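The following block contains the structure, expressed as structure tokens.
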Amino acid sequence: MFFASDNGGPVHPQIMTRLAQGNEGHAMPYGKDAIMDEVRAAIRTAFEAPEAAVYLVATGTAANALALACYTQPWQTIFCATTSHINQDECNAPEFYAGAAKLTVIDTDDRMTPDALRRAIEQQADGNVHGAQRGPVSITQVTERGTVHSLDELHALSAVAKDYGLPLHLDGARFANAMVALGCTPAEMTWKAGVDVVSFGGTKNGCMGVEAVVFFDPAKAWEFELRRKRGAHLFSKHRFLSAQMAGYMQDDLYVTMAQQANENAAYLADGLRKAGATFLHSPDANMIFASWPRGVHQKMKDAGAQYYIWNGTLEGEDSEEHIGARLVCDWSIGKDAIDQFLSHF
Amino acid sequence: MFFASDNGGPVHPQIMTRLAQGNEGHAMPYGKDAIMDEVRAAIRTAFEAPEAAVYLVATGTAANALALACYTQPWQTIFCATTSHINQDECNAPEFYAGAAKLTVIDTDDRMTPDALRRAIEQQADGNVHGAQRGPVSITQVTERGTVHSLDELHALSAVAKDYGLPLHLDGARFANAMVALGCTPAEMTWKAGVDVVSFGGTKNGCMGVEAVVFFDPAKAWEFELRRKRGAHLFSKHRFLSAQMAGYMQDDLYVTMAQQANENAAYLADGLRKAGATFLHSPDANMIFASWPRGVHQKMKDAGAQYYIWNGTLEGEDSEEHIGARLVCDWSIGKDAIDQFLSHF
Amino acid sequence: MFFASDNGGPVHPQIMTRLAQGNEGHAMPYGKDAIMDEVRAAIRTAFEAPEAAVYLVATGTAANALALACYTQPWQTIFCATTSHINQDECNAPEFYAGAAKLTVIDTDDRMTPDALRRAIEQQADGNVHGAQRGPVSITQVTERGTVHSLDELHALSAVAKDYGLPLHLDGARFANAMVALGCTPAEMTWKAGVDVVSFGGTKNGCMGVEAVVFFDPAKAWEFELRRKRGAHLFSKHRFLSAQMAGYMQDDLYVTMAQQANENAAYLADGLRKAGATFLHSPDANMIFASWPRGVHQKMKDAGAQYYIWNGTLEGEDSEEHIGARLVCDWSIGKDAIDQFLSHF
Amino acid sequence: MFFASDNGGPVHPQIMTRLAQGNEGHAMPYGKDAIMDEVRAAIRTAFEAPEAAVYLVATGTAANALALACYTQPWQTIFCATTSHINQDECNAPEFYAGAAKLTVIDTDDRMTPDALRRAIEQQADGNVHGAQRGPVSITQVTERGTVHSLDELHALSAVAKDYGLPLHLDGARFANAMVALGCTPAEMTWKAGVDVVSFGGTKNGCMGVEAVVFFDPAKAWEFELRRKRGAHLFSKHRFLSAQMAGYMQDDLYVTMAQQANENAAYLADGLRKAGATFLHSPDANMIFASWPRGVHQKMKDAGAQYYIWNGTLEGEDSEEHIGARLVCDWSIGKDAIDQFLSHF
């Protein structure tokens, strides 16, 4: 009954196998391994982007911070939702990598509205040196509250960014989960919607520790390589990043695992709904924010269930009588564990 | 015949096994995994340092840059050899992580002499704001030219640092290789010699991608944790770093592999010596810098041997007739491959 | 009719005289000049702080950014009002000087409420590495909207900061104007209210370009000196900063000029009120935010009046029929100019 | 008998007069003052560079660090002489402003030789991410040891920089002194010799605290403005920087003062030569490095002479019997003071 995060589960066997295969013999280091050629081709194909520049790093924060740094000057500000990972969960890594740039947070919701984004951009300096200058827009998909932007919503946000000539970054730590939720292609959720660079997550979706950064315009490629090395994120034994990503793309495993994770979450949400839980956010993909009585919570903890209590004072319910909870499903959660969990209501 | 680097070889089976075992079930993320407890204990035992703070990162550059940043103010300078990895091979990562600090390079050799170190420290500002202030001393062991500081040399350098109250960092990307070469214990090569923090390398010695940073005084522990997260080097699925390091420490595998690597290099060096090669540096551990006729080089390349030509113009021989070469052995190089290589002379 | 800013007016003759006197003969550079001894003593006396560390820089942004950097770790966040100068008018200088730290803006008003401050602090990470850590609180007095915190308000904000052990910075670009408005002493508005470090402004109040940074605890003195030099803000001919500040403190000129400025603004505000203008913020010191018909605005511009139209869409009135305006008075604005201005209503 | 530095003397009366004139009435802040228009025109005329972008800051370190930052990526290294001000006297300001870039010091002399520069560039990474990438070349003219590069020497260094496509910065803190020593025009010593950006010093040559940064290609103009503001170096009462520079350029006062300073130094050097002093460097402009008996030194100190003892152990003579001294003349040193000084030999 592990619902604490999708970073607590096991690596998929197909990926473990690729790691074992990748371990045979010698390979050139620092991204010159042959497996990386396969990865590059697979991702370009999946994204229908034959010119894309594709790089691997081991953490989602590295992917976000390095991708954004390529599009942010130190005197600029990055527009993002208050709840975004880059704002709340990266300990100033984006600011660090972007040379002390600022983040301007937009507090409408976990999904910024186009109007709020436009207002925030308008308020920011343009053509005078006093305030931070306008920098990129960063959208998180799946959001940190488990909701998914529709393609229309992405297009609307993208349109605002384009109105001001601002680059668009997509934090896709749960990219595949969102894609499955929308029933769309990688291209539809990225460059066809105006995204310039995407953090394409693997770690939370069954990999060991690998994320791809995909630039649809390869102009930033060399800068990214230098920033990655300077950030100490270039692996010498890079083939083991490549092997993970190769296994992840092979036979669309990334889609399969996201489907399983989303189905698990839907099954869990359905059970919670029937059990009378209140939902704090719409459980669009593989994360659920819900609330239930403190007594139920105690029973679940006693039974060994693992999940985070959410800061109900701020966003959910955390009263004398109720707690707010975050539950995340990855591909590996079995229906048995969910049934067992639900039985404690 | 792969001698290009010790980062090109396979991961040792014992470590692969630990990775597979570590993959079972769920684990708490971000370093809260149970395997990390085992790692911490194993390293404290190996270093005879029950209070040491122990952390894992995935790259040697991250280990160095983060460790040094904890001991460097942005207005200070780090004293190191010109040939050091932090100066020549990290694309300004140490400067980046230390908030734009400086490196003062000491050019006596790949092993700084105590006198040269003292001179460099004396030349640096003390008590006036004009120049960079004195910061930590960083020693590389094994050096980037394959030589090993004797314990006496380490003590002498350390004594200079202590004379000025400066912290001492050891870049031990090839820590075990040096230890084996000296026949000493981890403690003798570190805190007993005055080292405050060590980058204890695993990647080049049969791991997949893991380095430990060991602080003998745990006062910097929390700062390190924040710097690691901010640098995007905190793994969510941290158990896979832990599993590697656990396998590496288990039954002193790190010593066994270093012994194999050093023996391989000694066997190769012996053969090269007999074949008439000239040594550019003393092959003390698992790296060899040697020179031979261009014709021999061509034969070896034709036969598929992989090694780097060294910049002979600067440091070795790279004339019309001779080339300078760097050859590195890891644990996995077989004697057959070495014999085959030597047969081309 | 120059109401654009209090940085557009002339330097007071008493300060010009001190500059001329300071120009005689030779003086040791970099803050070792004898006039600085006089300045240090004068400020310590004025602030009743015999141990205070006192430094001079030439710009208000330098004072703020350097003062804050001494109290902010790169992984922390600074709590401030959305409207604060450090957030909106310093082009990321605070982030730059604090090593890529974050600013957390509190949007209740130009004066943060203690509750809003407490809420913002509570939301920020404490004891886990994921979010930015809690850093200093920065208050602006006079605020950027021309209002003044009462001593009670300062104490209440300070109490919140102290509850969490956070340092307190006061941006006093218009320090003397606030002090005069409150009828209090420098000590009452700073260390007696829990302020740890203050940017004590001179430039906007009749100096040429000088601000003092006053640390009530001198523990940060040496760090400040290094940060100032590294920021390129240490003047070689420092005596000319000293001379300005000496003239500013002499016979409490700083108070006299602030009184004049505040009286000028009060006289102007009174006239505006009678003329029917609407006030967007309470004109507590020497700045006025008011609104009037577009036709009146046009007449004033035609007559040569200089002031900024404020972004009425966001904060004031800027409709078809009305404009929002910011008017600032310094010591030098004559009543004649004000009368002339008012005559255009 | 003040020979400690050319930053200890008085501001020239012509400049004080311009400051007083500049103080009349109101002026728009932040560089929009009318005097800046005059300055821009005067500098463009003096440099025969009608398109040049011209900016003012208050310190030489700010001029250097900001100018270099516009031409340096954080992963690059700046090539400079070991003795350069940016390396030894700016407390890591260049690294700070350039986002944690590196400095590669070239130790041939206070004037780098073209061969040594070429060697240093060749040793630096090109096209691989491991080392710092090649960045700008920075030359100091007058050097920190008082010598002056001939135009041929400048052209030869510039030719090396251009061979590698690297930008060229000139640290001209004593620009006018060098120009007078060479008998050349500003253009000949800058863009005609391949210089891309120059720090054109005023402070050490009779101003209060002002330096111009002149970009011969205005493409960096906007970036410089943002960097200046973000560095907290944009003066609100900018007219007082403008007034100084206007007075400095008026009737070529900058040339006149440099002539006086150089003549003073030549007169002093001549006397020292006759008195038997040994010269440690060629006194080409207004700085003298010389050595004399310790007994003489004591007499001079007793008589109140002010100059720095130079670190003879490293570069000059500082034996039991002799000291090394640095003496600097500005425009204001009278022949009487020099005669008095020489009388103590």
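Every chain is named by a letter (A, B, C and D) in the order it is written, and numbering of its residues begins at 1.
Note that in this section a contact is a pair of C-beta atoms (placed from the backbone, for glycine too) under 8 Å apart; a residue touches a chain by one contact, two chains touch by 3 or more.
Source: prediction; values computed, not measured.
J.: Taking each chain's centre as the mean of its CA atoms, which one is farthest from the centre of subunit C?
T.: B
J.: Same or different for subunit C and subunit D, when you check if over half of the residue numbers at their contact belong to both copies?
T.: Same: most residue numbers at the subunit C-subunit D interface appear in both copies.
J.: Is the number of contacting C-beta pairs greater for A-D or for A-B?
T.: A-B
J.: Just to confirm, which listed pair, B-C, C-D or A-C, duplicates the contacts seen in B-D for more than half of them?
T.: A-C
J.: Taking each chain's centre as the mean position of its Cα atoms, how many Å separate subunit A from subunit D?
T.: One centre to the other, that is 51 Å.
J.: Could you give the separation in Å between the centres of subunit A and subunit B, each centre being the mean of its C-alpha atoms?
T.: The computed centroid separation for subunit A versus subunit B comes out at 34 Å.
J.: In subunit D, which residues are in touch with two or more of the other chains?
T.: In subunit D, residues 74-75, 90-92, 96, 99, 129-130, 133, 226, 229-230, 234 touch at least two other chains, as defined above.
J.: Please name which positions on subunit B make contact with subunit D in the complex.
T.: On the subunit B side, the touching residues are 74-77, 88-92, 95-96, 98-103, 123, 125, 129-133, 311, 314.
J.: Which part of subunit B faces subunit A closely enough to touch in the complex?
T.: Within the complex, subunit B contacts subunit A at residues 2, 4-5, 7-11, 16, 19-20, 23-29, 57-62, 65-66, 90-93, 96-97, 203-204, 208-209, 226, 229-237, 240, 306.
J.: Along subunit C, where are the residues that touch subunit B in the complex?
T.: 30, 73-75, 99, 129-130, 133, 225-230, 234
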